[in-house]
């Protein structure tokens, strides 16, 4: 039982990453009708916001220490982060320590701006073009974005640790009445799950309870009518694109401690997030979230040794297998609307 | 016995009785119009006729065979062609290519893999398609992309595509909807010409009374899912029940 | 073996018709080659095939730096690096056999297909006579096979699978880097002294050939110490989240986790294992330990502080104290500003070894080179006394057991050397079952 | 001639001429010249042009004509390669049995996947095909290693049975004794041309399958497929069942992919699992769109374009740059090398990404559109007449759906 609970937690955690990416992807599909192959790159850039934040906080003053030598026998360089000299080692140290959560502050404006620029500068011109062209141009953009990141940060994963307070694990089992040391779970993953839940709730609340959201939802259902009402839906869609990018970016930034960011992590998530969106059903936001969690949990259970020993390699294919089964039994995924991306 | 017989058809959508005890008998060679106010069940009836909806009870027999539960392409192969409210044509293909497809469908059935034969060698098919285009006066537009045609020409093309299959029954769903007056009159003329020259049974679902009275030989008036009256156009005009059903609507 | 460019006369007849059709005045053919891509001009071209895109691009970049450095040193530029410390004194800084060394580079993308395409273009288009580089065993085996067919020499870069000089060994291919068996053999005694003989190990293994050979080697070595193997679990190569595989470890009764992962897999699985608190726990009354059999400094960087105290093995490390290492680190560090990785060292050494073998053979003919390299004993390239064994073209030399640094002095100081395992301890018979099934075949010069 | 119209016959003759002259045409710069780096006339790359051309031609029959966007065609490519290598292992190095088996197994595999996937349309279809291909790839890499040799790739070992290998049989892939990797090199002036058996083998097959695809485009079946793309409603109400048509197109394009995969292994006797990965499926999608989906030549151009950048640009390194600009003053030389540096060598994918974007932004119909524009410019025909290039009549209108 405790093993199942552990895998369920893992599933929720994986699922929350899938759900966040799929949510943004669906916002773009649903509102703009655009197949965005660059969405994985948004997630990646979000993760690099955490890297950038960390290196900004670590900008250092360099002094030479003649008493120590570096590997070539020259005087060693001693680096003191500016933040530490500014706020003192104590406070400065803990600011650096909290760089990943702090990077959210960087990720939101950066991703919103990136989203706006992308939509206004590029995607806008592709609304009326075939989906094939959209795929080509956004795939090209994804390559360009990741190559730019590679140019500046290299190809290796870059460690971006969580704050010390969350670096270890907590005994989750004790909290729900199990014996000690049965369900140990990393603290940061619990943070990530909570964070995702908050973001997902916020997006839904935003669409549900604000006028802005209502117009966008109406626009998703029937763009022309809303346009006829004299509402400038285009402007709102631009903002939605920015929001979608920001959601992906935040998902990426907070994921950095779990998965050390590297320049091609976006491509790793791209295919998976498309599967999630389609299994959820095109144009359905709840569907995307549901599918994200469902696939996350199923994948976790399939990775259990007991399951793997029954069907070797099942953890390699389970997501695709489930996707096929769902699409064959439910023609438009879990909650898809008729006519969206079906022609 | 008519070519199309609808007997005791009932269809409910939840609490709504969309069709109630519909009986229709459409005679071979006639032009039969089905009219009625909005929500009378015209579209539901049409969907039953083409097999898209299966009624709760009742039968629909075409040429002695049931159409219920059959796929659209099977129904077409039985001899029913359909003209849509907005012309459904192959927009990316040329007018001539549009015409070829029904010709092949007529000859080869629902599927045949002619992957390596050249179209140019299909002399009979080409002749047939060209003949039909001449008949509807579109032969000079054969090279145009279908999507660039005017609304009236699209309708003309769609009709030609249906006719070239030599159907026994032609279903027309508001064939002049959204057309300008001149186009409407052209279409009426075309349909009359077709009927006279080819002796095809037609069922027209229509709103526009001008069209109905210019074409139909018999008219069924549908109200609240059931046939109200069925008679000749002369008798339908000024029929009290019909006036009642259309009260408030602009009768022709 | 296959012929690459022969049957020239017959083909020329047919080709001549086309050529004549062009009605150009000078139609001539080159003199027949004695072997494929025989260098006729003043230069000789080497092909450096390294990953430039994909997850190992940085490792590839470091390999390329080492190659460039080696070419400089061979051509007599720079300070000469390890040429000065190399036990063979044939290299004079005047190129190879008096020909200036030129090179071409390509991108393997860490895919066997792309790597072969790139290597083929070097051979077919640029006339490369030797191919080197690479950062994974799949690629190494694929390119080695290609070089055998084409008739050029392959000097493997970073490849650690037993198969490269085992099941898939080829006469034209040579490996300087160590392998999974040697890692395990070197780690065994150290693990015993650090963690004792009463341990239960849990293996997480990347689900592909390298992972399997690493796992098999580690199980054999640890079980010989008396350790038990609690479980071995295969993880998908593409996995980035290992939580589902790590979660059951703590309650499995194991007190050691062996991560048979490399590169990005290793960074993520190790980071996540530490996050699961494995290293803070006590199991069976002992501290829970993690072992990473194959270390890569570049990748270890990606795991940050999580590597502190984790034991693994390396082919070489820049902190070694021998003369070869010192001079190599000096010339590399002065040129690029940071110390070289073990991938760089193996590629540098391979280039010098090739050049030296050509000098000793007095010819670029691959068969001559093979003969010169087989059974060659040397020293001064950073690994101590080394033997290129004739039977499988594997280098036998000392292996380093290292441990993630607890208190790094600077950003380059990632690991501490725990022990230099002497070569005798990691040597195995060519017929060892983990290496069985292969056949070197005959050297192929393409003639 | 050959059941083609006069225009198509001319077109085919031009294609045949270009294909056969490729070893000369792709070698425009003399050996040793600064620009020789851009020569592409060496066997491996020419073979790849032909093979990926075949792959793209086949993919175009499905995507270009019916609009069904498959994201799983790499699976058939992989199956084709594995079939050929298995035939090497069991029978011998003659490529014929392997190629036949490749086409048949890929066809059967396509029939199975197509039958299931074509129950859905649009993006749902795309994801179904993607899922099948990814499952194949993941299994080929791990669990199916006994069949595929996993990461290393399937290859021939000396202890394989090879029951048809005689004592005199060539020890590498051959076509009844014509050994694929043999070449004739001819030096003409400063130029060197390589005439490779393998290339001509691929080229002749490519011409044959191109001819077949031309026939398919011009056949009643071809019109039916285009009709499916345009309007499935009218299609069904015209008495036609779209499913068998799309399935036939899917199987045919799967067989093309299998043939291409088989040829890859015929040129180079190794079958890597990455051939089945989604990136490989994505590559053929990109080739087709980049060149111009639905046109006859477009996909081939797209294939050549991508393979050229992958193989030529990735090999340009800083040293080569310095030799190019060596004539310039030192400071300027360094500045230019610094500016160009991010786009060559390891930056080749950046260049490719940028070119994808430029082509799709400025040439909405793909590369073929660019060709048509140049053609119009050269022939001086006015733009507004919408002059058909070779392919104009099959040029897809930008329609608002993926499939």
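A, B, C and D are the chain letters, set down in written order, and residue numbers restart from 1 in every chain.
One rule holds for everything that comes next: a contact is a pair of C-beta atoms (placed from the backbone, for glycine too) under 8 Å apart; a residue touches a chain by one contact, two chains touch by 3 or more.
Going by UniProt, the chains are A = Amino acid/amide ABC transporter membrane protein 1 (HAAT family); B = Amino acid/amide ABC transporter ATP-binding protein 1 (HAAT family); D = Amino acid/amide ABC transporter membrane protein 2 (HAAT family).
Note that this is a predicted model, so its numbers are computed, not measured.
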{"item": "Centroid comparison with chain B (C-alpha atoms), farthest chain", "value": "C"}
{"item": "Chain pair showing more contacts of the two, B-D and C-D", "value": "C-D"}
{"item": "Identifier of the chain whose CA centre is least distant from the whole-structure CA centre", "value": "D"}
{"item": "Geometric centre distance via CA averages, chain D-chain B, whole Å", "value": "46"}
{"item": "Rounded Å distance between chain C and chain D, as computed from the means of their C-alpha atoms", "value": "33"}
{"item": "Rounded Å distance between chain A and chain B, as computed from the means of their C-alpha atoms", "value": "53"}
{"item": "Euclidean distance of C-alpha centroids - chain A vs chain D, Å", "value": "34"}
{"item": "Chain D, residues touching no fewer than two other chains", "value": "138, 141-142, 349, 396, 399"}
{"item": "Overlap residues in chain C, where contacts from two or more other chains coincide", "value": "53, 57, 61, 207, 234, 236, 238"}
{"item": "Contacts with 2+ other chains: residues of chain A", "value": "313, 316"}
{"item": "Chains grouped in pairs wherever the two touch, ordered by label", "value": "A-C, A-D, B-D, C-D"}
{"item": "Parts of chain B lying in touch with chain D, wherever the complex brings them together", "value": "50, 71-73, 76-77, 81-82, 84, 88-94, 97, 100-102, 104-106, 108-111, 113-122, 145, 147, 158, 161, 165"}
{"item": "Chain A-touching residues of chain D, taken from the complex the two chains share", "value": "63, 67, 69, 116, 119-124, 127-128, 130-132, 134-135, 138-139, 141-143, 278-279, 282, 285-286, 289-290, 293, 342, 347, 349-350, 352-357, 359-361, 364, 396, 398-403"}
{"item": "Interface residues, chain A side, partner chain D - complex", "value": "35, 122, 125, 128-133, 135-137, 139-144, 147-148, 151, 267, 271, 274-275, 278-279, 282, 312-313, 316-317, 320-321, 323-324, 327-328, 331-333, 341-343"}
{"item": "Residues of chain D touching chain B in the complex", "value": "3-5, 212, 215-216, 218-224, 226-227, 229-231, 233-241, 244-245, 248, 252, 393, 396-397, 399"}
{"item": "Residue ranges of chain C touching chain A (in the complex, touch as defined)", "value": "53-58, 61, 207, 231, 233-236, 238, 240-241, 243-245, 247-248, 250-251, 264, 267-268, 271-272, 275-277, 280-281, 298-299, 301-306, 318-319, 329-330, 333-334, 339, 409-410, 412"}
